[in-house]
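Have a look at these structures, which come just after this line.
In what follows, subunit A forms one complex with subunit B and a second complex with subunit C.
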Partner chain A sequence: MATATQVQAESKRGTLLLHSWRAIWAITRGTFKDTWRQRIILVLLVFGMAVLPASLIFSWLSAGEEIKFVIDTGLGTILLFGLLMGIFMAASMIPLEIEHRTIFTILSKPVRRFEFVLGKFLGIALTLLVNILLMGVVFLVIYGVKQVMLNAPPFQNFVTLIQALFLLYLQVMLITTIALTVSTVASLWFNIIFSFFVYFVGNMSEVIHHISTHTQVNALRLLMGIFNAIVPHFENFDLRQKLLLGDPVPWGYVAQVVGYTAQYVVVMFLIAYLLFNEREF
Partner chain B sequence: MRLRWHRGLALGLLVLFLVSLSATQGRIAKVRQEGNYRGAGLPIERLAELPVQDLSLVTIGAILGGFRSVVANILWLKCDEYWHQGRVFRLVPLAKAVVLLEPHFIEAWRITAWHLAYNMSVEAPTPEKAREYIEMGLKFLEEGIKWNPDRYELFFELGWTYYDKLNEYEKAAAIFQQALQKKDEFGSRPPTYIWRMIAHAYERYPRIDEAVRWWQIDAQVEPDHPVHRGALQTIHERYVRAWEHFERGELDEAMAALLEDWQKDDPYDTIGMHFKARIYERKQDIDRAIETWFEAARHSAVDKLARRRVIELCRLTGRPLPQGINDVGLPTEVRDEWDRWFQENLGRHAP
Partner chain C sequence: MDAILEHSKEQKMEPVIVTESLTKVYKAPLEPSVTALQDLNLEVYPGEVFALVGPNGSGKTTTLKLLLGLIFPTRGTARVFGENPRSVEVKRRIGFMPDGPYFYGHLTGNELLDFYADILQIPRSQKKQRIEELIELVGMKGRSHLQVRTYSKGMIQRIGLAQALLNDPELVLLDEPTAGLDPIGTRDVKDIILKMRQQGKTVFLCSHLLSDVERIADRVAVLHQGRLIRSGTMEELLVVKGRFEVQASRLSAEALEALGRMGEVLEVADSRIHLLLEEGEALQKALAFIEAKGGHLDYLAPQRRTLEEVFIEAVREAVGEEVIE
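Our next item is the complex of A and B:
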């Protein structure tokens, strides 16, 4: 039987947890609204949605491979604009709060630094979700139109396309988390350059793996092995081969990539927690 | 103190998650390897094949990751530009970079192989060099097939190159039959002209029984198509009787039937000439066989099978090879050479 002190302690813990979520949700909502006030995000969204239909025109230049052209251009455009939005939002969020000194107002309230970062992350995640969803819908319509123009079933490979879009979102979220973590200690432009660097290196993870398994130099093997373990493997999110071959993708695979992303996000948050808590303003 | 405890826990969790992340990555990599997900990855071992000037393009493409296909598409448009400028020798290395970046770009495999086997081979300075370009085109298609074993297009292109460029009809027919087992980009069955191409290939070898069989299959697949009706009628009128004798080993009767049925309406055609030459070959009358193949080669500037058989039969019987004859890229002004060769080796004028 629980004692009165235990009940009180649990009640206090419950209240704290509820308070914590309230604080996170308040920051999430605020961040979501803030991001939509940034003109650059709207400009990127408009550009992205304008470039997507252009794939219909350019696909005529690649007779015989028109669907491939539409898929490549569509997914490439969404990824590019998603990356630009995610990296820019994440990299600018905390440095701008510091520059505008709004962070002091927020942190002077009963909001823990970790809650602040988590709220920011969720706000950006929500904005990216809406943006990628909008571009994704335009892309799927274009894909359907192209299929009809080629006398093919409009919804062929539809599930795989949805899965590809979902993994694309996770990919953007992963790089956004890295940018957000770095933003706890670094300036805006350093962070933008660093995040793109990580993206490029992450896309060369197979090369890194190849070197780590083929080199005769022990030090290089060790270094590349560490690199291979740390660098995000962005090829995990790529379903283009399946799309081109028309093969279905098992949901189990998608679940594995979700698990991979979740673990990477947790790792990044732990680093953000360690860095941000140490930071003095 | 409390913060230090938190920091320790966070560091511990960090190490734990990094280890777990590595294990998850290992599992995903295995699934991707076994489940044919790869393709996003750059086949590093093939980089050495590339010319230096294109290596940088591929490296840029590689680091662009998710945008690699877009880069491949843009480079492909550049290839098209080179083609229209007549710079086909610059186009091919760039196209190789394209398929390295995007091995599932069927059109890039197909059109590059066509440039090699057709456009570059006709500009080759010697027949040997022409043959080399055709071989390169065929190899290119075979490599494309390794990457895209389920699509019919590259099988068809390979079969077509053997059929049209080298006149290796039996090989072409076998590859066309493989193409029939594959699908197009929408997962649908390949076009029906492949059935007809198989029949055409067997006609020209000739294997009249197989040609008839495939025309009949075509009639079942597409009953309203006019081609098989005409083809079956012609084959029956001209060659079936002779073929039946040929199959029974009645070679004199086969020749008589062929000359009677075939030349009744049409004094010359490829199928008839090839059939006639095959009858002489079966009769071991090599002089007459060579003469007939020669005649076929003279009548048709694109009859590479006839030229090849002349070479093969000369080699078989230890005769010197006639000058200027090659199964690809044959120079046109060789009539006098041929006549001299005929006088010296067969004791008569060229047909």
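Our next item is the complex of A and C:
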């Protein structure tokens, strides 16, 4: 039978856990609202949604490969604008809190530092989800219209399209987590450049792997080996080829990518926490 | 004022804030290190208004940041309610207003308080009422629906004070609470601080506006270049031991002249004299003289200096010591 002290300790732990989520949720909501008031995010969303219908018009230029053009342009546009939004939000959020000194009043309230970082992360994740969903819906409508225009069933490959959009979101979240981690110690512009560099290297993972296993130059092998080990393999998130071939994507593969992303996000978040926890303001 | 201090000490109340040899050295690569605070020993007791005064760069804000866990000591310790200042439990019991508070400009005053109330876990049923009370208290009624970016410095200061009081804290830490306020705003903030003291709250404030501090603080510590150079109750610091200020009127010219010879004359006008007298025989003799000459004793009190005089004296002594060293 539990003693009174044990019960009290349990109750306190429960309260602390509950407190954690309430504090995190307050920061998440605040961040989510804040991002919608940033003009740059709205401008990116409007541009993204404006570019998507243009793919329908310009697809005539790629006679015979019109659906490829719509898929490439559509998913490419969502990915580009998602990356711009995610990296900008993640890179600017904490440095601006520090620069504007708003962080003083927040961290002087009963908020742990990991709660602050997690709240910010979830706020950005939520904003990206809504943005990618909005652009994704526009893309699906355009895809459906194009299919009808080509006398094909409008919802052909619909499941794979949803899977592609989902993995695109995970891809954006992964690079956003890296940017958020770097933002705990680095300035805005360094972070933006660094994050795009990581994204670029991560999209060349096959080339890097090839170099690391075939080069005779030891230093290059070491460098490529390091890149191969620590930079995410973004090619795994791209389902465009499968979509064009009409190949179904097994859910097991999607689950693998989810697991890979989750591991990466957890590790990056822990690094962010360790860096932020020891930071002075 | 003193009763609170005496009471707190007699009852052996646990201090709300304790610092022991608290030291902060800022180090930056390729730059010389800067000692912002050196061996600070302080105790702040429940229910008192404690002021940390000093010129810009004397270490006041550094002390506050250490007490809030925003920065960490290089040496020594800081305890708030007996715990590490980084503890969430400590932060539940405190309120803080930074110097020149910056807030999310796109939020209205109401939204801003709502956001902080959510972080503080104020129950939804109490939140609206609490925000309305505080808006009223800080004199922002009718303006809290405007975006913070449109606020004047004084209005930001007021909303900053409101957010610091949302959780009805036991300890309120204020960094330059009257800076940038007009005379009415300054008066309002001082009244709020005095009200907090009446409610038994502890107030720890940093300021370089000495006249403001003089009217509201129970105890003062003077910082200069990161070192504590003087501290004590207002009485200890401002009252000059063994000297009294006397003002008498309805005296003849001869009597005024005779009385003037007994002490240090500050002012003579018509039949009135204002002078300083040494405690003891000189004072007794002067009082008896005024009575014997049919004069009227208008005022008799220990000589008091202003906090500014004490502060300047302390800084000069400290600078002198440094020169000697």
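Following the convention adopted for this analysis, the second predicted complex is superposed on the first by the 275 of 281 C-alpha atoms of A that agree within 3 Å, B and C clash if a C-alpha of one lies under 4 Å from a C-alpha of the other, contacts with A are read in each partner's own complex, and residues count from 1 in each chain.
Please note the rule applied: a contact is a pair of C-beta atoms (placed from the backbone, for glycine too) under 8 Å apart; a residue touches a chain by one contact, two chains touch by 3 or more.
The structure displayed is predicted, hence computed values, not measured ones.
Trainee: Determine, for the superposed arrangement built on subunit A, whether subunit B and subunit C clash or fit.
Mentor: fit
Trainee: Could you say whether A:Ser108 touches subunit B, subunit C, both of them, or neither, answering first, second, both or neither?
Mentor: Only subunit C; A:Ser108 stays clear of subunit B.
Trainee: For A:Ala26, select first, second, both or neither according to whether it touches subunit B, subunit C, the two together, or no partner.
Mentor: The answer is second: A:Ala26 touches subunit C but not subunit B.
Trainee: What is the angle, as a multiple of 10 degrees, that the CA centres of subunit B and subunit C span when seen from the CA centre of subunit A?
Mentor: Roughly 160 degrees separate the directions to subunit B and subunit C.
Trainee: Is A:His100 in contact with subunit B, with subunit C, with both, or with neither (first, second, both, neither)?
Mentor: After superposing on A, A:His100 lies in contact with subunit C but is clear of subunit B.
Trainee: Examine A:Thr213 and indicate which partner it touches, taking first as subunit B and second as subunit C; both and neither are also allowed.
Mentor: The answer is neither, since A:Thr213 touches no partner chain.
Trainee: Looking only at contacts as defined up top, I'd like to know whether subunit B or subunit C touches more of subunit A.
Mentor: B
Trainee: Could you look at A:Asp34 and tell me whether it touches subunit B, subunit C, both or neither (first, second, both, neither)?
Mentor: After superposing on A, A:Asp34 lies in contact with subunit C but is clear of subunit B.
Trainee: How many Å separate the nearest C-alpha atoms of subunit B and subunit C in the overlaid structures?
Mentor: Value for subunit B versus subunit C, nearest C-alpha atoms: 11 Å.
Trainee: Is there a shared patch on subunit A that both subunit B and subunit C touch, and which residues make it up?
Mentor: Of subunit A, no residue contacts subunit B in one complex and subunit C in the other.
Trainee: Spell out the residues on subunit A that touch subunit B in their complex, using ranges where they run on.
Mentor: Contact set of subunit A toward subunit B: 58, 61-65, 67-69, 71-73, 75-76, 79-80, 150, 152-153, 156, 168, 171, 199-204, 206-207, 210, 229-230, 233-242, 244-247, 250, 253, 256-257, 259-260, 263-264, 266-267, 270-271, 273-274, 277.
Trainee: Help me check something: in the complex, which residues belonging to subunit C touch subunit A?
Mentor: Residues 65, 68-72, 88-89, 91-92, 94, 96-98, 100-104, 106, 115-116, 118-121, 160, 163, 167, 173.
Trainee: Which bits of subunit B are touching subunit A when the two form their complex?
Mentor: Against subunit A, subunit B makes touches at 3, 6-7, 10-11, 13-14, 17-18, 20-22, 24-25, 27-29, 31-32, 35-42, 44, 62-67, 69-70, 72-73, 76-77, 80, 104-107, 110, 150, 153, 183, 185-187.
Trainee: List the residues on subunit A that touch subunit C in their complex, please.
Mentor: Within the complex, subunit A contacts subunit C at residues 16, 19, 22-23, 25-27, 29-30, 34, 37, 100-102, 104-112, 280-281.
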